[in-house]
Each structure stands twice: as structure tokens, then as C-alpha cells.
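Heads up, the thing below is written out as C-alpha cells.
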């Protein structure tokens, strides 16, 4: 029961690392690598075709510009795919990667998160795995409690 | 093991029905109702707070305009939430609902699908449930095979 | 007769402080704190539900990205809510927060001001309070006179 | 204690009528007329200058395209101004009127509502007046209760 | 020496037919079929891998929404690929298909034409083939002369 | 025969100075000052009403954000008005000032130039004045010849 | 002293006719024809080169999509050019023609009016000619008086 | 058999140099110079008219803002034209150059590549020439193999 984190280019790593960090924080097994839809289409095909049999239960795919990686992987596997639009250089403010990932045709969904939001992709992967592993839902509740506590602390400071 | 389908307004039903139809097609238990973040905030809170304990494993939430329903439900529950941006009347070409659902802050993901893509929301819900129920992955493979076969048939016609 | 200034995150404070400064300048009582729709939904509910009874007459709510705070607070209280779209990091040029705040459905208005325009939110709050407190309208006239005088001074310099 | 409803062109009336209807529904005194910033600039100046002394407590101004009416009126009066972006023919999907009304400079706020949302402008005017007239806040609560009840009724039907 | 015309869905045919018509008009050999990147990824791979050896010299690929077909085919073949953004239903005014096709990363170009401009895709294919077949350049000159003559005729009418 | 250059705020001067420089270069009389539609509406009215009688033949008006200055001046005077959209801080990439200036309703034109293009506003003013003063058209031809010569020089260098 | 009205295609005539009608209404001499930058580049060059010597004092050029006609004509002549962005079929909501006409580089201005606003182009041409012919300024004042009177009449009806 | 690389301004050279570098890398003859549609329209005409007879087989044209160079050259020659939208200063995030180049009318195609993607323009030129020179297709395959190998190397590092 593993999360597969892939990205179109090594330059996406500073963004995508957040997904790996969330997996670590929740004790979820993961692997992370580069798979380019455009420069390594065969590798992308193999990756997507073999993912399920290798025990991968969720794929997180990040890419920028005309971002085809999440959608192409989703077209090949039955494993749920989370897409992370990455705001790369020469991107048009991120609109290109957002629309290339989000606007998938009927039949092939990609679970899209916000621009550069690899952290949320990690959290969504944990939520998906919690369907089969209820203890992850409990950890998620604790995570949310921590978020809440931090805001309350900040609020207390600001009000004082 | 149930999918909860909610929408901000009854006028979203023609779009959201597609999610219910996919659940039926895959033999997945579901319920469908109206929950408005803005007109029934208490109902929305109760719905989100009780979803997990009522056996709901995935929530599909559709809304238009300044679409707060998916994100607010996601903020309250640990169950994964799929957001469907609905292109309502007076919407600005759908940009408002897309950005209101997609651009969630770190900590609270919403799995966003394409504009009006309730069908894909249903399919994504099935994929998420397949984490715990492997037979759903098999059905998903069959579904994909059917999509493929239809295209191949069309192609054969066009080529002949 | 108090203005409640809230923001989704402490990182919004450099923007939102302007609203507080206007309140001070006009001698209007105010309180300022952090209330996150997504990380502290219960706190947001309590805040909105109790605002009126605590003497708050106008709420100024600032948030970035998928900005749900102003709209959700407006859905719970009858107090007028002024929304300040904040251009946060990873925002898509501010479009996300503008549309998430502005495009509220019929029944639940939010008085939206320009991107990052917390100063204008403060001034609008003063104008709203002047409905009940006519001396505030006079102060507002003086404020406008000062704006005018400054432009005239600049003009005189440039023309000389 | 009156609401002044103005619009840039008679063609905006089908949209702006909603604001008048809300005033009627809440028993709030109002007047409605055409004031064009571009075709009747003198009339616009007089209207704005005399509004306060004529007992107008809130101005609702609707306009399309390069919509200057709400902002210009706000620059002249101290009365709070609610701006309604109207999606006119030849508008660029409403973006022009939204940005022309919303993006006011520091010092001169306009309380902007959603595209074509004259109903919300009316409700916001009522909320503003409720600062001085608490019974309007009660009516607003009743209004919200009705919205809630209608959604709950629809939900009950859909669930049955 | 053949042009391969492919499209993601049969519903793109009314647009893509224009490319075929241009081929016919210029006496250029072509084939036309449906190849879906998302529903028939294997077919798309085979098509792209075998295109060159089957004598295809230019590929025209049309697709709507998150349009991955042109870019994926370009990633697999060395044959030049012309991309036609198709404005499908549920498209966001065509922005999604334009950006998904145009914004390809360095290394993998797609020659993108205007929204729905399959006619121009056909003409561009003819121009590309004219590199090897100079008589096509002559035909293209004649085509341009005809366009010019038609405008001049219209002008003469309008001026008279 | 004078050009009146006005701007909404002193902060627009670094952009608007270019218009003044062109006037100097072409020996055209001009005056330059600050006139704010929003902070000095009366001054704006007087300026526009008296412009023609003071010998002003063209007005160049620059403003940012919800830029009402060019359109309001155009509504009051019969003198042609050139609008310069200024990309101010907190502008939404300049879209707000462009649309607020460009999208004027039928009856009241503003001659809009590109974002921050005060130089082109100056050149357009010279072209307009050349209608009455043919020697300006000659100077404009010389100006164009210089532009051409510079490009040809650069080209010669690059080609060598 | 003549206005030259040109358009890229006969299909622009229903929009561009408004410019001709304004010329007629103001008793200004004009000619109207089709000149396509893309299909008749030589004709466009001749038209622009000879315009001044043929007595044309202002050129109104309308075009849709990648609208190059106004800018190219402006690059060749010293006569002021007014650009009318036309919302053609397959246009992307008019954004393409607006930006292609408006965003001219330094040195070559085009006086851009609103989308489809050929009427305003006609009025602007009259204003430009009034620089040399003061009686046109008087007619323009009368025109504005009529616009004002119509609004006042409508207002009187609505108020009664 | 030569590629002609042209750009609207010397300031585009840092972007356009990439196209020249690709030509060098593939051993393709090329020339590079400045041709401005707006400042040197005659030069642009001559360049386009003589290109084919001078042995130019593909033209790569880069320009920013209201980018008319690629489209105008395409209107004059029968040689295929590749357009590179350049994100210049005062551009509106590149949208202006993209739409000015991409949205060409039926009859006159421009092969548009991504924003600032002169490298891809160079590669596309090589692909076009490979129609007549099969050895270029082999080199292109080697180029793609190198891209693939680099990604695989990066992947191996990241996985280790």
C-alpha cells in the first residue's frame, strides 16, 4: 500500500517534495521519481501500466505548462491519480498547467489540487488510503486538530 | 461503504445526476441531497460532521459561482471530498466555481474535477473506494475497456 | 457599536492592518483576530453566530486563494460583511480570491472591495456605521476633503 | 431613510428591478431612476451631491461595460455606494463591468456585489440600514430562515 | 507522402473535416480517423510510433478540453505535428484546449493553429509538404491569389 | 493649440512623462498636471468643461485600477481624449485599467492605447493635431524614418 | 477631408456600418471598403501609403481574431488610425482582436475603441477632424446634448 | 535549404537565439536578423516576398505585444512560418503576443509555439525540413533519445 509520486521534470522537485514529506509524516510508504510524458513516453506507459501490480494505490503526478503527465497516467491505470499543477518558468501564470490537468474528458478523471499544492496532494492521498486503513483517518483528525490549534494560538496572541 | 452526493442547489441536479448514475452503474451505494453552504450552513456542518460515522467514505460536492460547499465540507470532515465546479447562470464562464473549489489552502485538499464533470466525480469516487474494494478496480478496468472499444469502433467506421 | 476585523491567516495581517488603522483614525471601536474558515470551522461558526449579540455592527473579512471566510460568515450572520480579497502567495494573480468572495449566490451578499484594499474596507465600514451615527459622515467628509487637498497640492507643485 | 437605486441605462432595468423588489419586500423606502455617468455627467454630479441631504442612506448603482457610475457617485458623496456590475451586450463576459466597479483606488470604496446581483445589492442595503434600524436585522433573519426552509424542503423531497 | 488527420473524438469531425477538404483540394494524400489519447492510449502509441514508417509526413491532431493528443503524438514521433484546439462543449471558451496544445515544454514542439482552425492546419500541412514537393508551393500561391481576388471583388462591390 | 496631459495620481508620472517628452520633441505646446476623478471630482469637472475654451485640442489622460478619468473627461468635453491604462500596484496585471478605459459605451469614445504606452499617446496626439497642422505630419514621417533607420542599423549589425 | 473606413472582411460590415452612419450624420465625407491585411497585403500597403495624398485625414480600421489591419496601416501612414476590435466567430470572446489591436509597440499608436464599437470610432473620427474644423465640435456638443436629453426623458418616465 | 530567423526587435534576441542554436546543433543553414512589421514595413514586405527565391524553406518569426510579424510574413509568402510569442516588457503576461500570433484567420496559418519557445521553433523547423531531408529525421530521433536518456538518468539518481 504505497503512494507513487512522479513529476515531469527534476525542476518540479522543490514543489513535489511536500507530497513526500506528508507521506513520511503520516507513515505512509511512498516512492518518488521523474517520469516525463513528453520526453520519456515509454517510461510513462510502463510506469502507469505496472503501478497497480507493484502495490501503488494512489499516484500523485505533478507537471507544468501543457501538463499531460497526470491525465495520461490516469488514462492507462485504474489507480486514482492526483494532479498537481506546477507553476513553471514560461508558464502563463499557471493557467496552462491548471487547465491541462483539470479539464479531463468524461471517462478519465484526475483529482486536481491547487497550483503548486503538493502538500494537499499528499493529504488527499492519505485520505484516499484511509478508505482502506481507518487509522489514517484518525491521524488526519489529529493533523486537522493541530492546524486548528495553531490558528487558535495565533488568534489568542493577536487578540491579547 | 457509501458515497455522499451533495449539491448547493436543486438547479445543479441535471449536472450532478451523472455522479449518481455512475454509482448505480458500478453497484456502489450512494445517497443524494441538497446541502447549501450559504443558505443552510448548520445543515452543512451537521452533514460534514456526521458523514464518516454514517458510513460515508467519499463525498462528492457540486456547486456554482462562489462555490464554498466542497471546501467547507472538506474543512470539517476527514473523508475525501471531490469538488464539481458547476457552470451556473450568471457564472463568469465557470471561472468563479473552478477557482473557488480548486484553490484551497494548504492543509485542506479538495479533489477537483473539470467543469460540470459530475460523471468523472463518480468515477473518481469509485477509484477511491477500490482502494478498499479491489473488485471495483476490476470493474473500472472493464469500464475503460468499453470506452476503448467504442473509440475503436468509431475509428473503424471512419476509416472504412 | 464595533467593527469586527477577521482574516483567514496571520499572513494576511500586513494587508488587513489598514482596516484597523482606518477604524482608529475615525475613532471607531474595533477588534481584530484570526478566524480560518478551513482550519477553524467551529470557531468561524461561533464568531459569526455571536457577532451581532456582542455588539459587532460590521464585519470585515479578508482571505486569499479559495477565500470562503467572508461568504461563510455572511451566510451565518445578519450583520453586513465586507470582503477583502487578499493576493496570497500561490494565488493566481488574485483572481481566485476575488471570484471566491465576489460571486456569492442570490440571498447572501458580501460587500467586496478591491484586491488587498483593506483600507477601503475600513472606510466602507465607517460609512455603514454613519447610517446610525451621523457624526461619522461628517468625519468622512473631512477625510475626503483631505484627499482632495493633497491632490490639489500635488497638482500645484506639478504645474509650477 | 431611503435607498436610492440608479442605473446607467434603461436597458439595465430588468437586472436592477430586483433591488427595488427587495426594498419593497423589506418595507424600505426607495426611489429608482436612470443616471448616466457618461451621458448625463451633470445629473450624476447633482444626484450624488444631494443624495445625503435628500435622506438617502444607501445608493445602489448598476452599470455595464466601462462602468463608472458607482465609483463616480462614491467619489462625490459620503453615503455608502453598492455597485452592481451588469453584463451588457458587447461586454467581455462581464469582466469589464466587474473590474471597473471593484478595483477602486484607496480612499473611495464601492461595495461590489456579483455580476447582475441586484437582489444581493438590495439585501446588502437592508443590512446597512439595519445598523440604525434593528427591526430590519430581525426581518433579515426571517428572510434567511425562509431561504433555509426552502432548501430543507427541497432536500427532503430529493431524499425521499 | 501522406497527411495523417486524427481527432480525439468523433464529435470533433465537423471541425476536422476542413483539414481533409484542404488535402483533397491540393491533391495531397491523407487518411482520417479517431485516436483518443485518453480512451485509447495504446492505439495512440501505435499510431504515433508507426506513422513515419507508414509514409505519413505530417500529422494533424485535433482535440478539445485537456487536449493531450497533439502533444503526446509529438512526443513519440519525429514527424511534425500540427495541433488544432477544438472548442468542445464544457470547454472554458476554448482556453483549455489552446493552452494544453500550445504550451509544450522545450524539446517537443507542436505547431498550434487557431481555435477550430482545421482549415489552416490543412494549409500548413501543404506548406510543410511543399518543402519536398515544390509544385505544392505553386498551388499554394494560386490559392492565395484566389483569396486575394475574392477580397478585391468584394471591395469593388462595396466601393461601387 | 495645446495638449493637456493629466493623470489620476502623481505615482503615474514616471509613465506619463513619456507623453510630455513626445510633445517637446515635436514642438507641441502642452501642460501636465494631476486630476483625480475619484479624489477631486469637482476639479475633474472644471478641467474637462474648460479644456476646449482654454485652447486644449487633445487630452491625454492616464490612470490605473478602476480608471475612470479618461472616460469621465470624455463624457464632459468634445475634445478628443486619449486614454493610457497605467499598471499600478494592486492592479490585476493591468486588466482593470485597460477594460475600465477601453470599454466605453456608445456615444462617448476614448482613444485607448496600450498598457503604460504614454509615448504612443503623445504620438497619437501629434497625429491628431496634424489634421490642422500639416507640418506635424511631416515631422511624424521623419520620426518614423528614424525608427526605421534604427531597426535597419541593428539588422545590419546582426547580419554582419 | 475624408474618413477612410476599412475592414478585414465583408463579414465585419454589420459592425462597421455604424462608423459610416456617424459620418453621414455629421456630414463628414467618407469612403468604405474591404482591405485585408492577410489576404490582400499589397492592397493594404497601397491603401495605407496613398491615404494621406488622397485626402484621407483619419482611418477607421476594423478586424477580428489576430487583427493586424489597424496596426499595419498605422505602421505605414502618418494619418491617425482608429482600431475597432470585431468579435468574429471563433474569436475567443473578443480578447484576441482587442489585444492584437491595442497592444501596439512604442512608436506606432492605434486609437483603440471598445469591442464592436464602430459607432464610437465614427465619433472619435469626427472629434479628430474637429481639430481643423471647429463647426464639428459644435455638432458634437449637440450630439452629446441629445444623448443627455434622451437619458433625462427616460429618467423622467421611470420616476413618474 | 535555409531557415530564416527574424524578430521584431533586438530585445527579442535573448529568446530567439535558441532557435539559431538548434539550427547549428542540427547542421541546418540559417540566417538571423531583425525585421519589424511596425517600424520597417517595407523591409518586412521585401523579406517575405524574396524569402522563397533566396532558398529559405522555413521562417521563424518572433515578436511581442501586438505581434504582427509572423502573421504578416505568412500573408505574403508561401513558405511555412513558425511564430514565437515573446513575453516582452509591458506585455500582459504574454496573452497579447500569443493571441496576436495564434488566432490567424482561415487561409493564412502560422505554426505557433509556446511563449518564448524559440527552441521548439528551431526543432519544428528541423522537422519540417526533414520532409525533404530524411537524415534530419534521424538526427531528431537521436535528439529525442538524448532527452529521454537525461530524464532516465535523473530518475535513477532520484530513485537511488
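The first chain written gets the first letter, and so on, giving A, B, C, D, E, F, G and H; residue counts start at 1 in each chain.
What we mean here is this: a residue touches a chain if its C-beta (ideal position, glycine included) is under 8 Å from a C-beta of that chain, and two chains touch if they have at least 3 such contacts.
Just so it is clear, the model here is predicted, and its values are computed rather than measured.
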| item | value |
| --- | --- |
| Chain pair equivalent in interface to F-G, over half of contacts matched, among B-C, E-H or C-F | E-H |
| Of D-F and B-D, whichever chain pair has more C-beta contact pairs | D-F |
| Chain C onto chain F, rotation angle from CA fit, given as a multiple of 5 degrees | 90 |
| Mean-CA-position distance for chain H and chain F (Å) | 35 |
| Rounded Å distance, chain D centre to chain H centre (Cα mean) | 51 |
| Of all residues in chain B, the ones touching two or more other chains | 9, 39, 65-66, 90, 92-93, 95, 98, 102-105, 107-108, 114-115, 117, 144, 147 |
| Chain pairs that touch, as defined at the top of this document | A-B, A-C, A-E, A-H, B-C, B-D, B-E, C-D, C-F, D-F, D-G, E-G, E-H, F-G, F-H, G-H |
| Touch list for chain A against partner chain H, complex | 9-10, 13, 31-36, 39-40, 42-43, 65-66, 90, 92-93 |
| Touching residues (chain side chain E, partner chain H) in the complex | 52, 57-58, 78-80, 82, 98, 102-115, 117, 119-121, 123-124, 127-132, 137, 140-141, 143-144, 147 |
| Parts of chain B lying in touch with chain E, wherever the complex brings them together | 87, 93-95, 98, 114-117, 144, 147-148, 150-152, 154-155, 158-159 |
| Sites on chain G touched by chain H in the complex | 8-9, 37-39, 41, 45, 64-66, 68, 71-72, 74-76, 91-92, 95-96, 99-105, 107-108 |
